[in-house]
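Pasting the structures in now, so scroll down.
In the two assemblies presented below, chain A is common to both, partnered first by chain B and then by chain C.
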Partner chain A sequence: MPAGFSAADFFYILPELVLTGGALLVLVVDVLTSRQQRPLLGWLTVGVLLVTTLTLLPFSDANVVVSRGLLAIDGFAFFFKLIFLLTAIVTVLMSSSYIEVEELRAGEYYFLILCATLGMMFMASGIDLVTIFIGLETMAVAFYILTGLLKPNRRSNEAAVKYFLLGAFSLGILLYGMSMLYGLSGTTNLRELATVLATQERSALLIVALILVVGGVGFKIAAVPFHMWAPDVYEGAPTPVTAFLSVGSKAAAFAMLLRIFTEGLPFLAEVWQPMFWVLAVVTMTVGNLAALTQSNIKRMLAYSSIAHAGYVLIGVVANSSRGITALMIYLMLYVFMQLGAFAVVVMLRRHDVVGDELKDLSGLYFRYPVAACAMLFFMLSLGGIPPTAGFMGKFWLFSAAIESGYIWLAVIGVLNSAISLYYYVRVVVFMWIREEVLGSPITASPAMVVALTVALAGAVIFGVYPRPLFELAELSVQSFGGVVAAAEAISYR
Partner chain B sequence: MLEAYVPILLFVLVAIGFAIFTLVFASLLYPERYSKVKLEPYECGIEPETDARDRYSIRFYLVAMLFVIFDVETVFMFPWAVIMDELALFGLIEMIVFLFILVVGYVYAWRKGALEWT
Partner chain C sequence: MLEITPSHYMVLSAALFMIGVIGVMVRRNIIIIFMSIELMLNAVNVNLAAFSQQWQHVTGQVFAIFVIAVAAAEAAVGLGIILAFYRNKETVNIDEMNVMRW
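For the complex of A and B:
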């Protein structure tokens, strides 16, 4: 073996290796089986993801740097990988009926979902700018194709081209910022970067690099003013892909953001904290205000997800152990509520109904009370009403902001939650009060039932009894280099 | 540190200067006689039959993309072959894994009919 590598390097990326093998397996099984056996492919994909999750579990309390300092296998990475795998599992479960209705190619679809998940996992583990970028590319390329998978659909094609062009452009900006950081420090390793930059005089070029990186990352989390692509892409993409994009891709981008800023640039915290403060406020407000007038559910959920990125940014601004814990918990809870809401929208897609419009929800309660009640719960959770998971998430985020002295940020966050209730409750109004609209009956496949159950269980249980999740997140944060660096930076000041 | 870039600056200046010099000097010397032949894409080649902005089969792209994949594969294999001795068994296994992944893609493209022309 070449110098610097050891068998341990391969041991610590076992989940990623399993996932890679599983993705190839799905691709081969797809071409070797007949069309009738295709539904099994979804279960095979779920199996691959479950096995990956199982191989990930032993690394819950690991804290090592492997592969010549390219990857950190720590609690932080563990927690985020759990989020990605959970998101992928629920997404795959809700996809099977949609794939049939839209006549998508199942093999390619599942393979690309697995590839995107793989990229996300490397983004969460990467403590080197290069690893993070490669992970980001793996994820982004898979998403570009997934977005345009509805080939006869013009909107889907448009969304894919828009996402690809803007995505490539923003990646260029991010890479430009990264190359400047490398030029200033002579290293791409984030931990070395922090030590080298700490001893240097702060140059104007460093601030330019910072701004470029914020822009690139801002695009990925769809923060205003880098959000323009999100509504069109979310609307045009196949609905399960939209769900995966709005949860998985966003969580991965936040993992990358925390790695770069809290691990790599902790000494510039007083520069990037105000930047993210402004981004958070603008993102929340614009996202919520734009969502008010939407009549398309996917578009509304797109703006709502922009607003949620704004709330999550509060955790970044707080830049404390508590803030990062709150951020991670929120992202985990967001998986359940957002995917649950999308699962209901996916169910509305039948061979004669597109099911994207708010009016397609009309009278849902009278025909399908269970689905309507589930949707009601997800909407209240997204809005942040007390007994739900969404409330717990927001509570921690806002209290972290207050603890770090950002009282106004918390106030703006609370006001925004109040605004958001209007459009979440509007969905409920359509389901309960509007006249029934006819269409072919809604059927839920067994996989869809499992997906909805998982989402609902998560949103209910963690809303009432969040302690296990909170403890896991706190434990994960303890080993996160960013928190250590943040604490050092504070004492240094 | 900046002194190291002086040769590059000189090189750029000479390159630009040479281009300007040839253009200006040639325009002073050559006679200007236009004819139909001179406006064609290839002055001395096959005569174009149709406009270049035409639709042609998407299969060309498919073949081109498959070609690029295997072309890049060789790009990886050459440097590996050169330092094969140093990498030893580890390098061999890595290359087999790499080729295996490519073969999976190849089988996939084959079974999906990407290699059939009609």
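For the complex of A and C:
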């Protein structure tokens, strides 16, 4: 065993180790099986993810720092890891039929999904700039490949090139900011960084470093004005990948954001809070206004997801335990709403229909009432109509903002939700009113049925009875270093 | 004899970084843009190595090695993606990336 490491270090990253082993297993099984047996790979991947979730559960109330200060295994990491694993499971379930239609190599696809999940898990528990950056890249490189996986498809090619170039560019900016933080403090550990910076004069260089890191993170959460890549990438990528990207990578980027800013830079809160205030307002407004005119469902959901990043940023601005709790709950609820909507879009893809234009939904209700009703529910939930899950999430976010004194932010958030109803309801109008477009019949594979059921159940149950989720999130936040640091920063002033 | 201090390295890395950023903004060839991004990452490495020297510990150098490794991984994936794009489009000019517009 290497010096400085103990068996405990490996014990606490058991879920990650299991996931790594499982990802390699998927690759090996892919080589060993024949073409006809390939559909089984999807179930194997789901199995790997379920086993990972099981090994994660014992760590729900852990609060330790392992691997010489590289990783924090705490409630915050636990909650986010649950989000990632749930997202990955639902994504894999909805992928199987899509993979067959697009004739993708199943082994590679599932392996990359698992790699991306692994990266996200390290982003959530990393409390060192190096760990966070490695986690981020493990995720991002997997996503670059996943986006471009439809090799003969020009939209997929173009999306991959754009995502890769802008992703690498934003990585450069983020890393430059991180290197300056290291230069100013002499440490890459976020908690040590907070202690060192607390005693320092606030220099111009520190502010420059902060702006660079905000910019780099802004790209990853697709906040306006760093959102230009998102619509194109979401439109061009394979639909299940878009779903995974819009939920998983966004949640992971928010985990990274909270770690860096609330754990590492709590003493600069009065500098970055206004920045995120502006970003939140611009992101919500531009995202919603741009979504109004879209005719492509994936593109519309891309702008909608930009707008949702704006809502979630409200939790960051509030920078209180209430705000972070609300943020985490919202991201969890967003998993169900967004993945459910994407599952319906994935079903529309058939041999003869691409199925990502709004008009492809026309008359859906008359032929497939169940799918249409599910889509209706997801749209209302994304729009935030009570008593859906989306309403509960927004309610907590806005009340956290008001509690921290950001009343205008809450008002702008509510106004934006009202605007967003227009384009969500437009989808419903297409499904119920327009004449139907004929194509080969829509079929739902058993895996797809499970995916839709999970999404619908989550969105319905947590909309009506959110208490367990709320309690879990509150418990998770209690041990989060960022909240402790924020409280200390206030008492220090 | 002028002594080379960390601030000299910071000026060098800031210059490299700006050249990289400007390259990304103004160039139209995907490969050149990619090279400009590599320049930005190397500016980060210069910074990290200099700070590592300044603080007299190895953390920064380890960080730099990770950055180099990740840049290599990104280059492999990125060139693959660019090649797939070229096979369909027969161009590496970003002005001709116009399948998707808003």
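One rule holds for everything that comes next: the second predicted complex is superposed on the first by the 492 of 493 C-alpha atoms of A that agree within 3 Å, B and C clash if a C-alpha of one lies under 4 Å from a C-alpha of the other, contacts with A are read in each partner's own complex, and residues count from 1 in each chain.
Just so it is clear, contacts are C-beta pairs under 8 Å (C-beta built on N, C-alpha and C of every residue); 3 or more make two chains touch, one makes a residue touch a chain.
What you see is a predicted model; the values in this text were computed from it and never measured.
Trainee: Who does A:Leu24 touch here: chain B (first), chain C (second), both, or neither?
Mentor: Once the two structures are laid over each other on A, A:Leu24 reaches chain B alone.
Trainee: Does chain B (first) or chain C (second) touch A:Asn157, or do both, or does neither?
Mentor: second
Trainee: Is A:Glu235 in contact with chain B, with chain C, with both, or with neither (first, second, both, neither)?
Mentor: Second partner only, chain C.
Trainee: Which holds for A:Phe133: it touches chain B only (first), chain C only (second), both, or neither?
Mentor: second
Trainee: In the three-chain superposition, say which chain, chain B or chain C, touches more residues of chain A.
Mentor: In the superposed model, C touches more residues of chain A.
Trainee: So in the superposed three-chain picture, is A:Met180 touching just chain B, just chain C, both, or none of them (first/second/both/neither)?
Mentor: In the superposition, A:Met180 touches chain C alone.
Trainee: Can you give me the overlap between the chain B contact set and the chain C contact set on chain A?
Mentor: Common to the two interfaces on chain A: nothing.
Trainee: Given the complex with chain A, which residues does chain C contribute to the contact?
Mentor: 6, 10, 17, 20, 24, 30, 33-34, 37, 40-41, 43-44, 47-48, 50-51, 54-55, 57, 59-60, 62-63, 66-67, 70, 73-74, 77-78, 80-82, 84-85, 87-89, 94, 97, 99-100, 102
Trainee: Give every residue of chain A touching chain C within the complex, in rising order.
Mentor: Residues of chain A touching chain C: 129-130, 133-134, 137, 141, 144-145, 148, 151-152, 154-155, 157-162, 164-165, 168-169, 171-173, 175-176, 178-180, 182-183, 186-188, 231-232, 235-236, 290, 299.
Trainee: Hey, which residues of chain B end up touching chain A in the complex?
Mentor: Residues 86-87, 90-91, 101, 104-105, 107-108, 111-112.
Trainee: Which residues of chain A touch chain B in the complex?
Mentor: 1-2, 5, 20, 24, 27-28, 30-32
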